[in-house]
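Step one of this worksheet: look at the structure below.
Chains here go by letter, A, B, C, D, E and F, matching the order in which they are written, and residues are numbered from 1 within each.
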Amino acid sequence: MSEHTIPNLRHSVEAFVAEDVGRGDRTTEAVVPADAIGRARIEARERFVVAGLEAARLCFEAAGGGLEWSVEVPDGHVAEAGATIVRMSGPLRTILTGERTALNLLARLSGVATMTSTYVERIEGTGARLVDTRKTTPGLRSLEKYAVTVGGATNHRHGLDDGILIKDNHIAAAGSITEAVYRAKGVPHGLKVEVEVEDLDGLDEAIAAGADAVLLDNMTPEMVSDAVMRAGGKALLEASGGITLENVRSYAETGVDLISSGALTLSARAVDLALEVE
Amino acid sequence: MSEHTIPNLRHSVEAFVAEDVGRGDRTTEAVVPADAIGRARIEARERFVVAGLEAARLCFEAAGGGLEWSVEVPDGHVAEAGATIVRMSGPLRTILTGERTALNLLARLSGVATMTSTYVERIEGTGARLVDTRKTTPGLRSLEKYAVTVGGATNHRHGLDDGILIKDNHIAAAGSITEAVYRAKGVPHGLKVEVEVEDLDGLDEAIAAGADAVLLDNMTPEMVSDAVMRAGGKALLEASGGITLENVRSYAETGVDLISSGALTLSARAVDLALEVE
Amino acid sequence: MSEHTIPNLRHSVEAFVAEDVGRGDRTTEAVVPADAIGRARIEARERFVVAGLEAARLCFEAAGGGLEWSVEVPDGHVAEAGATIVRMSGPLRTILTGERTALNLLARLSGVATMTSTYVERIEGTGARLVDTRKTTPGLRSLEKYAVTVGGATNHRHGLDDGILIKDNHIAAAGSITEAVYRAKGVPHGLKVEVEVEDLDGLDEAIAAGADAVLLDNMTPEMVSDAVMRAGGKALLEASGGITLENVRSYAETGVDLISSGALTLSARAVDLALEVE
Amino acid sequence: MSEHTIPNLRHSVEAFVAEDVGRGDRTTEAVVPADAIGRARIEARERFVVAGLEAARLCFEAAGGGLEWSVEVPDGHVAEAGATIVRMSGPLRTILTGERTALNLLARLSGVATMTSTYVERIEGTGARLVDTRKTTPGLRSLEKYAVTVGGATNHRHGLDDGILIKDNHIAAAGSITEAVYRAKGVPHGLKVEVEVEDLDGLDEAIAAGADAVLLDNMTPEMVSDAVMRAGGKALLEASGGITLENVRSYAETGVDLISSGALTLSARAVDLALEVE
Amino acid sequence: MSEHTIPNLRHSVEAFVAEDVGRGDRTTEAVVPADAIGRARIEARERFVVAGLEAARLCFEAAGGGLEWSVEVPDGHVAEAGATIVRMSGPLRTILTGERTALNLLARLSGVATMTSTYVERIEGTGARLVDTRKTTPGLRSLEKYAVTVGGATNHRHGLDDGILIKDNHIAAAGSITEAVYRAKGVPHGLKVEVEVEDLDGLDEAIAAGADAVLLDNMTPEMVSDAVMRAGGKALLEASGGITLENVRSYAETGVDLISSGALTLSARAVDLALEVE
Amino acid sequence: MSEHTIPNLRHSVEAFVAEDVGRGDRTTEAVVPADAIGRARIEARERFVVAGLEAARLCFEAAGGGLEWSVEVPDGHVAEAGATIVRMSGPLRTILTGERTALNLLARLSGVATMTSTYVERIEGTGARLVDTRKTTPGLRSLEKYAVTVGGATNHRHGLDDGILIKDNHIAAAGSITEAVYRAKGVPHGLKVEVEVEDLDGLDEAIAAGADAVLLDNMTPEMVSDAVMRAGGKALLEASGGITLENVRSYAETGVDLISSGALTLSARAVDLALEVE
């Protein structure tokens, strides 16, 4: 992740730091001299996949800046418990003021990457790709989607504008899958048309209507297997709903193209890490 | 929660919806007629304490507006599994476009309120108050702190500007607890001076220096008990670090004033709920 | 176009009006009493397809508001020379202050819709769809793309994020069409992969690599005809480059799926219209 | 043009690039390695007056930055067809992501400068000055007004706040030219009072009322000639309405001070230029 | 003053209230029930000219809104000591949260209007107009300039863009008054060219160079008198520098057109007023 | 003051300069060549305590930047009449365009610091601390509060969120001092609870209710003396209301902890200083 990978990253991080600092870090201003220099490191307290170091670095920039910053375990690598992830040195006020926001971000994003990598490992060797969903934390979509890629999965739509996904309510409004797919032809042609179906009849109708992809909603691995055979490569297939670490491999072995899981972002827990001033 | 309880709530929610909608909800624009009217309800899929309905409502306003909105289980009340929390009716496009962001917010905030209430129930009848920390999701501080109050706890500092909390690194920079507390006297006098200590000597020094409150870091319930006696009411005492649902009551029974837990916001999981179009 | 069709429309229009008003409409403030009421109409001075009335209406809202607004020739309809497009009445200051920005927008957007409709008429009855490009006026992308749809064409990508279009420089960077298409598989799967090619060999390679669509760059209608046969429906084909009003139909008759033209937005001229106070 | 010539130029350009990039340049991210270096030049495909290079440069800064930038034909100079206007080298991703917005801006602004210079050449040697109007593209006023000066003309008002221009509707609201001019005396005295008139009686009344300038609306060159004699230097005279490349010199030879033309910005077409990666 | 008189007034006031409220009005939230209703009035504690009521009203809107608002002494009228200026009723929280910012604004703006009216009274019956300067409070320029007009004076330039004022340093950079005036001809012709001079030779040169107005800097009334005769109506004359309440009439009686005083905004003191809850 | 002492300082100053510059500094653009270099100094025209130099420096950065900046009398030091406070050299356009806003800020902030220091000197040797209030200029709160500290006083609350101050209207809404203090216990515990009282009974009740601080409103020094004895150190005492330079010492000698004065910010006058180009 460079600053430019995520549009507006610097701006977002400045808002996050401002949310914490408010009118000023009263404790640090009062207690720590403006010219005090410090050295610190961020340490892993458990094993995890690191994600979000550039966001963390920008927190300290927004908190006053002026730090030397030396990464030891970059994004996408595993930090063992006790490992030093990054070392920094410079104005002690910057370190203390930026600390909390930087850790909050890094812990959450590393949590997403770590959970993702666990799922990815489970399906290794199958042809299936793991993808995320739009069940992300409001305000953190881009960062969490980035963390998902760090963990080895790929992204589903980033929003309502970069992909068509026709769900049950859309179908109901249109009257049928066929009609809904037909209507979706009016959108920019760079967007694939994906349709959510609940059974194999829906799959057949979606493919016949010209859908580029079909989301198989809440089907068992057996049903997904049937769907794969039925589709015969005529549409990209995505299994979704009820995916767990336990069953993800049985889905992957069906030959389905994509497996999506909201849990990657919704249920990831913040990893345990800390900033130590030396 | 009214719109004015949380400064800038409307503005924040608009940014959250914009993050999801981007250049437009291509599926809904293409498939759902602009004049289609719909009715929907948000349903609990498990038992939880509701929090964040006003934020959810504003999501639908930002997504096009025009909905009737009728709350059945308001913030702070328990929704049983299967319960309808809110009913809405109006433009179907609004409902479908706003759905995901509204649910993402409501699930997360209700999760915080629910976890908080579980802790609060455990310490009922003791004099201790449960408080949160600054370990919140970047960008959601005010909303998560609100959810904590919905769950029955009270808030610690909202940021670095509305309370003094002198931690180990501040003390190190100042040279001693005494000096750090002394320096903190220059800040606006409306802020209490709280000092984090690791042992009873620290507690003694902090009180002698005039601290208004002392944070007892990572102490066992026994040590906290000793601290309570030692302090003799001369400062507010806060137990922090290592608090779990299992041990929170033993801390509460020590007579300590406050028990703070980062888990309320850091480890709360999103509750299970869904929007059903009828 | 309702206010919600184009994200941020109100905000954009407010910025446009602010650009004109600056510190205040000194003439109107000085000369026109605050309570003067006026009636006005926007009149076509030539024949054109109307587009942008909602944007025009919001100009007057931003300039003070309070107008009755009654549309006589709505977006997408043809206004004959001399026709009244919209009537308004209310504070005269609002009318005079908002006039210039409203007309600037309406004239330009109607110009885009009008030029588009001319092209669309030419290809009527063929199966080809006319699409726009990213050669739009900076700051007006959404509005101009809207005007293109009003004129009867459909939109290509709205930006670099809602479609993959691999151009010559991307291919050069990847080494080959095949490699470039392969790399594009890592993006969100809702995006189609389109490749720009300059000859039929390129077309063959793109299809073999799995491209969803192929842009035929600067080919004659004859070459496009060959490409259509060669592709045999395995990819969406788009003719682009050198399209003029004169030759657009010969391209359309080749059986190509899409014909894109930067001229729709780049070369459209503002139509002639005026606001008359009555 | 330096970055500071146009207030907020950097901010505007960032918004223009963001409009194109959206959530990210998916093609370039996927296909072009982050460390690929490229060299490119912007080439004129026809003869034109260059305007807007600093805006173009800022597009590439907003798209990732890091480019060497070497101008060969600066703003205000003529680029012959085939000429290299600027060379750049640096991150290939920056070049490809910034390209479209940079070209869109440069083509439009150079178009305005080129059309302006054509008019200016026609009136060379007369004492008349060519000026623009407020018929500019919403959001591009400052840039287009800058391009007009590059083309050799001068600017009329930049907005409603830096000049008084009393038009027919203002006069109607005031009751008479005399009353309207009288009322305009209350505005900041740094602003000249200009009045639009339709005949020589209006001119007489405006001058008698103390107008600093008079706009002669839609008059023939003969009428303008009469007006010049009638005014006898007592007010600045501006000919406006119906000015074309064909008749502009006959207006200029009347001795009128200013000739204003909306066509400079309204009807200028984008020049033909391209970015070539080498 | 209506909300639209001052561009962005609502936005500015929201920022002012946000500056005071920050993360929330902790006292009022805790102590005053959300449904408490109150009545209050703003009372003059001394005699002054009222200015800024619309800004005050918007403070309460930004603080929660919902108030009935009934003005008894409108802008531009004199409030006697003890007079009720405005009555309001509605949510008590709104009243208490908005109070301080509303009073801060109203006291300052009324102070400017009051001081201005004192100067204006002194020069009554002379033909001179009193004007303000750019010595305003940063962030309050438009509001203070509005208050100056409420007090009966007129405004000088609102900023560096709506008038040309060539000062000593500009003249030094240009080499001479003549050259500086000549150069200023390139600016938008709607702006008058004013030149600051320090003696009568400067006045002569400025007029000869074609200046529209001349600022007579730090001259005695006698020198100004000479200047008026010397200028013979060929340029607008402005006396500036060292103007006091004591000497303002002697300047006004010289026949000078304008007298400018930075003191109107720079030295005005906040008037004494208070909000009383009933 | 470094740029980071006051959150958003750079952003605020940019807005202040933009308020003055608007569409551009027309005079300087026209008259002063872009490459002209100048040297200037800011000179004290009277004796005062300097405050706000960093804000002034940022004005010149916002106005074009590129200046060498060398401070001779830093913030908090006394500038004698005639003293050079800062020297600068660089682009003359930057100097002339930034001048007015820089001086407006510096004059006002130095005025606040100077008035504050006069009060502070009066109470030297007593144990009382002088504090400011929320009677600040809207938009300048942080800067004026900074100037108060430069003058030797300390800050009261920065806003409604960093301290509890229960005033008469809050008490009325709660029913009694006791109830109001009780309710305030729900707020973040880092905030002290201060209560405004009008007599000694109120003081007794406030202390009994557990108030951390008591504001003695409009009491004579004698009453304050009584209050100090009565409180016996059980709460911080603040004298407020009617404090003047004449009586401030008699209040300070009562043993009261804090003396607050709105006059520090409300009544401070801008000091006399000027920028001289050399």
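Everything below uses one rule, namely that a residue touches a chain if its C-beta (ideal position, glycine included) is under 8 Å from a C-beta of that chain, and two chains touch if they have at least 3 such contacts.
Predicted, not measured: the structure shown is a model, and the values here were computed from it.
Asks: What's the overlap between the neighbours of chain A and those of chain D?
Replies: Correct list: B, C, E, F.
Asks: From chain C, how many touching-chain steps at minimum until you land on chain F?
Replies: Contact-graph shortest path, chain C to chain F, evaluates to 1.
Asks: Going by the touch criterion at the top, tell me which pair is linked by more C-beta contacts: B-E or B-D.
Replies: By number of C-beta pairs in contact, B-E is the larger.
Asks: Express in whole angstrom the distance between the two chain centres, defined as the mean CA positions of chain C and chain E.
Replies: For chain C versus chain E, the centre distance works out to 46 Å.
Asks: Can you give the whole-Å distance between the Cα centres of chain A and chain B?
Replies: 23
Asks: Could you grab the centroid distance between chain B and chain F? Build each centroid from C-alpha atoms only and quote it in angstrom.
Replies: That gives a centre separation of 33 Å.
Asks: Please compute the C-alpha centroid of chain A, do the same for chain E, then give the distance between them in whole Å.
Replies: About 53 Å separates the centre of chain A from that of chain E.
Asks: Could you tell me which residues belong to chain F and also touch two or more other chains?
Replies: 21-24, 26, 29, 158-159, 161-165, 186-188, 191
Asks: So that we know how the chains sit together, what is the shape of their touch graph: line, ring, star, complete or other?
Replies: It is complete, because no pair of chains fails to touch.
Asks: Would you tell me which residues of chain B are touching chain F in their complex?
Replies: By the definition above, chain B touches chain F via 129, 131, 154-158, 161-165, 186-192, 194, 212-213, 236, 238, 257-258.
Asks: For the complex, give me every residue of chain F touching chain D.
Replies: Interface residues on the chain F side: 18, 21-24, 26, 29, 34, 64-65.
Asks: Which residues, counting only chain E, touch chain F once they are in their complex?
Replies: 12, 15-16, 19-33, 36, 38, 92, 95-97, 100-101, 104-105, 107-108, 134-142, 158-167, 169-170, 172-174, 180, 183-188, 191, 266-267, 269-270, 277
Asks: Under the touch definition given earlier, write down the residues of chain A that touch chain D in their complex.
Replies: On the chain A side, the touching residues are 2, 4-8, 142, 158-159, 161-162.
Asks: Going by the contact rule at the top, pick out the chain C residues touching chain F in the complex.
Replies: Against chain F, the touching part of chain C is residues 22-23.
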